[in-house]
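Letters are used for the chains, namely A, B and C, taken in the order the chains are written, and counting of residues starts over at 1 for each.
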Amino acid sequence: MGAFLVRRLSINVLVFFLITIAIFALVHKTPGDPIAMQIPADQLNSGSAEFIAQKRAELGLDGSLLTQYWHWLTNALHGDLGYSLLNGRPVTEVLGERVGPTVELMGVGLLVSVLIAFPLGILAARRRNSWLDYGATVVSLGSVSVPVFFVALIVIYVFTLKFQWFPSSGISDPTNPSLLNTLHHLVLPALILGFGNSGPFMRYVRSSMITELSADYVRTANAKGAPPRRVVLRHAFRNSLIPVLTVIASNLPQLLAGAVVIEQVFAWPGMGQLAVSSVNQHDYSVIVGFALLIAILVLMSNLLADVLYTVVDPRVRLR
Amino acid sequence: MTAEQIPGAAAASVPGAASAPGAAAASVPGAAPAAAQRVGEAPLLRIDGLSVDFHTDDGVVHAVTDVSLEVVAGEIVAIVGESGSGKTVTAMSVLRLLPKAAEVSADAIAFRGTDLRTLSGSELRKVRGGPVGMIFQDPMTALNPVMTIGAQVAEAVVLHQARSDKKAAWQRAVELLRLVGVPDPAERVKQYPHEFSGGMRQRAMIAMAIANDPDLIIADEPTTALDVTIQAQVLALLKKAQAETGAATILITHDLGIVAELADRVVVMYAGRVVETAGVGELFATPRHPYTKGLLASLPRMDVDVDQLDPIPGNPPNMADPPAGCAFHPRCPLARDKCLTDRPPLLAIGAGRTSACHFSEELA
Amino acid sequence: MTVSAPAVRTPAGAALRRFRKHPAAVVSVVFIALVVLAAIFARPLSGHDPNAIDLLSARSGPSGGHLLGTDSTGRDVLSRLLFAGRISLGVGIASAAIAVVIGTVLGSIAGLLGGWVDGLVMRLADVFMSFPSLVVIVVVAGILGPSVLTMVIAIGLFQWPVCGRIVRGVTLSLREQEFVLASRATGAGPLWLMRKHIIPAALPPVSVVATLAVAQAIALEATLSFLGLGVQPPAASWGNMLTDAQSLTVIRSEPWLWLSPGIAVALTVLAVNFIGDGLRDAVDPRSSS
């Protein structure tokens, strides 16, 4: 198991470096002087020509592309992602305050999708080719087909504007930032994000459960006199979780894609909303910082998938 | 279907001409070994007129047709046949362990006088793993890969406890594993199936099957997936387990060597039907069906040169489209015109013996 | 006995028969055909110029003159919807085509050469699959500026791995077969092998993933355009027609503005997915039962 994880880790780290090269290439493509992204705007405007030249030398901007890349990368890995072109604040700080809301939205969204996908997938597998199975298939196809922003608009139309049950903007009322209020704000975005991701998960659970339910050990459990509930949950489902958990972990980046859209519609102050507004306002340094963060998220999700795979399967765990 | 077939006449254990069904079971004095010699006793298990159909894309497959057999307490009955002969399907239908696609019909599947088909789900679960234990062919796939051996053996105990006592069940699991010869059971209960060798896994399967002191053990090819050296050990263990629990055993196998070693009585199946039944001694001495004879000829023996082995020519029939008449006729050395059109009924050919061959007399 | 011998049939005929057993897929084919026709004949059907601004009749609801109403600058929503169909379908098909071409080339190279090339290509596929294409395109569009061409290439670039894996698998299994070995022995080049053996064998499964890729690309285009990072106004796309609907007032009082393009995307993507699902069962009967 150790060797497997070390191998996977080294591959992922290698991939991460390749991606930083790609990101740096994009940085290089940005219009304007790259130094503007790496020192605060007020220093840039007020600083003397000598000061700028000195900074330029410090940042390696006079050197070859390789030197520039190396400086940029080491700074980035030390948490120095430059400064926002918009307001001169450090990018790390600007991004940092957006991570919390996004993690909150993704976490609850993931929970919702699992709560939809697991029971539905298990039921569909148990009653294959029943109306329930077809219904679940159609719902899952619907959840991948109907774009999340359109679902969001309909939901806002119905639940915010018609019934006025849930708010559709922001993370909480500035006047009443209580936990309950935050949860109230979280309901619609999390439900939509969860629904949008439940489709693929459900199909995975279903096909994995179909495989497991026809396995020999299920017949053994039946032959022991185990009741159906126990056969399905204790035996088949526990085995089907091995591939399913891996898929869920490696799907976390896709969950973020959904969050980007939902944050935009619901004015949710997370990374996705920041990214879209930075793109619209040409705040390149923030976009690049966001790109690095995504690369790290992808790397972490892949590693998490690998670790989960080794943890949940005793056959791998003890090898 | 031929006109002369009478339901019930094809019973594997056709008693004397007029005796009440089941009364004499297959236990005619002198014909069967000691365990079966309990005249007048009701059989432990009685399967009567069992048919199982599978609906597939290629049409209906008659996996088992009109099979009847009886098992009395304490005896070992072997069901023998090639793969696809319906022997496993017959055994699985007892505890209703067939997939949903299987359509089972029977006049009776009675265990200790109760028809198992009338039981509710929860009543049936009391029988499964309780008075009837099962051992499956491949111990690698038949054990749950993500549960420890101990948890799986203990589960078999807990499910049949009057009051759930997990600690006691766990101790019982250790004790059972010791009983079936798993070394250092207190440690090995904590291991997973992949940490057990094939033979050890099959021992664990046997431990699960005998966990609740069964009256009947159904063993489906219990040694087929094992190495030859391990096979002998597991067979010895099966023998021991059977002797200690006194459980009757249905032994499903294609290996006549195992039959000779363990069985009291033999039921030979071909193409979903019973073609011959006999006590093990008689069957080996004077097979009365050409298929049985062919099986015996293909069996390596100490007193015969290996190069004289004589496998049955041809392949088992396609069960979606079996041959007309006697299903064995395309491979039968005795086949004549009659065999192509008329399916021979299973008839009593002596005390406790039956055969489904038009020319069984010629083999006598 | 009860078995009727199956009539001799061609694989394609059998596939068509299985496809027809999916009512949703058959209805979807008809629907998509109508969408395509509507997009082709957008001008005669709508009777309006999609970009004609008419401020006097701005934000008016559905009426005889404008069947689906008008938008904030008085443009006819129906005609924009029909013209947007051209872009959405075009982007979907073009992206899927790019994905299929890259996937076929890389997949057959990986399968034919094997060894480290195979490992590299498959690792590359893993990397592309683990990235959320939407987010990457947001970043790329943010730096290079949004354009339809960038979007099409980027979508295609992130969709090739599925196709690549299938083609690789087909190639590997073909490599085991004798007639391919024989044609290799006679000195057939890789291009010839691809055209003669790999592509015909890979066509059925690839047609399934290509269809699903079209659906995905249409949805992705709509989302990107909705965010303002895809098709740029004044050109109409189903996604950017909804961009206006990011204010509660529009959602509440002008539902015709966002409902019709939203329904158009949803139904189109759903229909293409249904077709893909039906195709999957048609070319691989094992997947359904």
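Simple rule for what comes next: a residue touches a chain if its C-beta (ideal position, glycine included) is under 8 Å from a C-beta of that chain, and two chains touch if they have at least 3 such contacts.
A quick map from chain label to UniProt name: A, C = Peptide/nickel transport system permease protein.
It should be emphasised that the depicted structure is a prediction, and the values quoted were computed from it without experimental measurement.
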Among the chains here, which has the CA centroid at the largest distance from chain A's centroid?
B
Out of A-B and A-C, which chain pair has the most contact pairs?
A-C
Expressed in whole Å, how far the mean CA point of chain A lies from that of chain B is 55
Between chain A and chain C, the Cα-mean centres are separated in Å by 24
Would you please write down the residue numbers of chain C that are in contact with two or more other chains?
289
Of chain A, residues touching chain B in the complex
214-217, 219-228, 234-235, 238-239, 242, 312-315, 318
Where on chain A does chain C make contact in their complex?
11, 15, 18, 26-27, 29-30, 129, 138, 141-142, 144-150, 153-154, 156-157, 160-161, 168-169, 250, 253-254, 256-257, 260-261, 264-265, 275-276, 278-280, 282, 284, 287-288, 290-291, 294, 298, 301-302
Would you mind writing out the residues of chain C in touch with chain A in their complex?
24, 123, 127, 130-136, 138-144, 215, 219, 222-223, 226-229, 239, 242, 245-246, 248, 251-252, 255, 258, 262, 265-266, 269-270, 273-274, 277, 289
Touching chain A in the complex: which residues of chain B?
95, 97, 99, 121-122, 125-130, 133-134, 136, 138, 141-147, 155-156, 159-160, 192, 194-195, 205, 208
